[in-house]
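You will see two complexes here that share chain A, one where it goes with chain B and one where it goes with chain C.
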Partner chain A sequence: MRINYKKINREMRMEKTSRAVDFFRKQGYKFELKNYKMLDNMDRLNLIAGTLERIFPGYRIDFRKFEEKKPEAKQIELDYDFDLHEIMESAEGIPSTEKALEIFYSNRIAHTCRDVQKQMLSDMFTEKNRENAGYKSLIYHFDGKEIDQIAKSAHRYFIAESNMNTKAANIAQRQLAKNGITIDEIEILRKRGYDALAKGYVDCMAIKDEAIAESIKILKEDKTQSFGLAKVKNGKREENVFVIDVPCFGQMSVHIYDEKLITLLSDNEYRYPICNADNVLLIDKTSEYQESFMLQDTPELIESLRKLKSRREAHEIAVKAGLQKDELEMLYKTNDEGDER
Partner chain B sequence: MDKEMVENLEKNNYLKEKLAIIDKLIKEQDYKEAYFKLAAILEYINIKYIKHKFNMDMPNSTVMNIVNTYEDKDEKLFKEMLNINAEYNQVDTNDVTIDDVEYLASLVDSIYKYMVESTGEFI
Partner chain C sequence: MAKQHEITSYVSEVNAKIEAFRKKTPQSVNSNERLAIEMKLADIEIAVKDLMEDEESPEVQDMLKAYLDQVKELTQGQA
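== the complex of A and B ==
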């Protein structure tokens, strides 16, 4: 019997979509700011972990795929029964680490909502194209950028409608109509739960930005950890990224957009390399290679790291080893021979 | 930009002047700058409104601080500003489109309309 991979993939996608929709329809209220704020730090982190386990269980596979690109000794292994609650527990009692995890994973939930919305749109366009196969002018053909724009407009429509903002809802509907999306199709999206995901996106982005502001306060008072605003070049694009070096976990980085938040960080430029922006997990596990460095005491470790060619690698290990701001500064200091990192 | 989209903001002379600059930017297709200028107007009207209505200063006017200020005071503005926060997160600042600008303009206009209806002119 031949295996129909297309069918399997479609079913897996649909399962992911329905899991996320089901969660946000029934339990999305837990992320509403007023309810969320009533939880203590650990309850918040456990809610986030439980949600990701539910709506994005494929994170283990994504993490392994990411690690498999590295040489074997440098790969971080995940236990077979690894789950995110372990990570959250290991941050307990360290306010800046708790905040870093809250930022990173609430951002991940928001992006999962958006990914599922885009999948929902693609599935609907595929179905419509099948129905209208004989009518060339009715066929939808959108590239990734166009799908992004439609996903934004559909999000806008449902949020404006739920806020009873008729003017904004009309503008969003007009934007959708420009791309040929009809009211009937908007209703299909509603039935499939696009609105619940839009709400999830709004709430999780609020949680992320609130946690960023709180962490800036903690880190500015604490003064022992390196963090700040990095301007990251991505081709011709320049992006604002908020970075925290989380001792023993690794480097946490997320995009930030609120101009005022960016201003708050104007005295905290982040000058070190950005290590693992593409990774799906922020964890305290290490590779064999990283372990081999960590057996050394701090001065010895700093010397070994200075000898590494890759600044990124040296920085990653230094953070995993738990080095703090002043120790990281020593790593980057010009040494006696004038060897500047 | 369609006048209807910002009809309420246009009623205030000071904001009307600012909108003229935004209009010029849109004609020049500088959507990014137009977007940031609209965001600045939104921040300004929030600060003015909060001072006028609640007699509170906002030295740190991040979107989330504004959200938190409205949390127990005004459900409508609380929700609208949460939406604004998500909007800033979903817009690609390296590739702002006319759709992004128009949607933000409609939000700012309706927020301003609500504020004026709630407290009278405050700018």
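== the complex of A and C ==
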């Protein structure tokens, strides 16, 4: 018997979609700010960990794929029984680390919602194209960028509708119509749970922004940790990225758009390299290579890291080794005169 | 650049109106009604933030205007 891989893949995709939809339809209310704020820090982190395990269990595979691109000694291995809840527990009692995990993982949940939205759209277009096979003018041809834009317009349509803003909903609907998306197709998306994912996305992004505001307050008071606002070029566009060097965990970076947050960070420019922005996990595990540095005492470690060619790699190891702001500053000075590295 | 400026000014106006509403003590509005408006404003605030993620999209500017009108309508005479 021949195995139909296309069918298996489609079924796996559909399972991922229905898992996320099912979760946000039944439990999405937990991420509404008014409910979420009632939880203490650890309850928040455990809710986030449980949600990711439920809607994105494939993160382990994605993490391994990410690590496999590195030479073997530099790869971070996940335990066979790796559990996100343990990672959250290892941050317990360290407010800035708790916040960093909350920011990173709430952002991850939001992006999972967006990925599922795009998948749902692609599946619907595939079905429609199958139904309309033979009618060239009814066939949808969208590239990844176009799917991304349509996903955002559909998302905005449902958010505007939930806010009872008819004008905003009409604007989004008009934009969808320009791409050939009919009102019937919007209704198909609603039935499949696109609206629940849209709500999940905006709620998790709002949680992320709240956690960023709280962490800026903590980090400014604490003064020992390296953090700030980095400007990153994406084509012609300059994007704002909030970065925290989380001792022992690694560098946490997420995009920020809220003008209030950007203003709060106006005196905190982040000048170090951005490492591992594509990583799906922020964890306190290290590679064999990183561990070999960690056996050294701090001055020795800084000396060894200075000798590394890659600033990014040196920075990554320094943060994993738990170096704090003043020690990181020492890393970037070449000698006693204080020249920049 | 002009578009960017308009977007920023819409967002600032939405935020300022919401802030002003929250700061004022309730007058001539019953507390249930005020609570309902505050909840709606909180959702609009989130929707506006969401639009800022993609300020280059053609519909963003118009949608921000629609949200600003909604905020004005909700807060008019009550702030």
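Miscellaneous remarks
One rule holds for everything that comes next: the second predicted complex is superposed on the first by the 332 of 341 C-alpha atoms of A that agree within 3 Å, B and C clash if a C-alpha of one lies under 4 Å from a C-alpha of the other, contacts with A are read in each partner's own complex, and residues count from 1 in each chain.
The definition used in the following text is that a residue touches a chain if its C-beta (ideal position, glycine included) is under 8 Å from a C-beta of that chain, and two chains touch if they have at least 3 such contacts.
Computed from a prediction, not measured in an experiment: that's the story for all the values here.
In the superposition on chain A, A:Glu238 makes contact with chain B only, not with chain C. Once the two complexes are overlaid on the shared chain, A:Leu264 sits against chain B while remaining clear of chain C. Ranking chain B and chain C by residues of chain A touched puts B first. Of the two partner chains placed by the overlay, chain B and chain C both lie in contact with A:Asp209. When the shared chain is aligned, no partner comes close enough to touch A:Tyr29: not chain B, not chain C.
Residues 33-34, 149, 152-153, 155-156, 159-160, 163, 165, 167-168, 171-172, 175, 201-203, 205-206, 209, 237, 255, 257-260 of chain A touch chain B in one complex and chain C in the other.
On chain B, the positions that touch chain A within their shared complex are 5, 36, 39, 43, 60-65, 67-68, 71, 76, 79-80, 82-83, 85-94, 97, 99-100, 102-103, 106-107, 109-110. Here chain A touches chain B in the complex through residues 33-34, 110, 114, 148-149, 152-153, 155-156, 159-160, 163, 165, 167-168, 170-172, 175, 201-203, 205-206, 208-210, 213, 236-239, 255, 257-261, 264, going by the rule given at the top. Remark: chain A residues 33-34, 149, 152-153, 155-156, 159-160, 162-165, 167-168, 171-172, 174-175, 201-203, 205-206, 209, 237, 255, 257-260 touch chain C in the complex. Contact residues of chain C toward chain A in the complex are 8, 11-12, 15, 39-40, 42-44, 46-47, 49-54, 56-59, 62-63, 66-67, 69-70.
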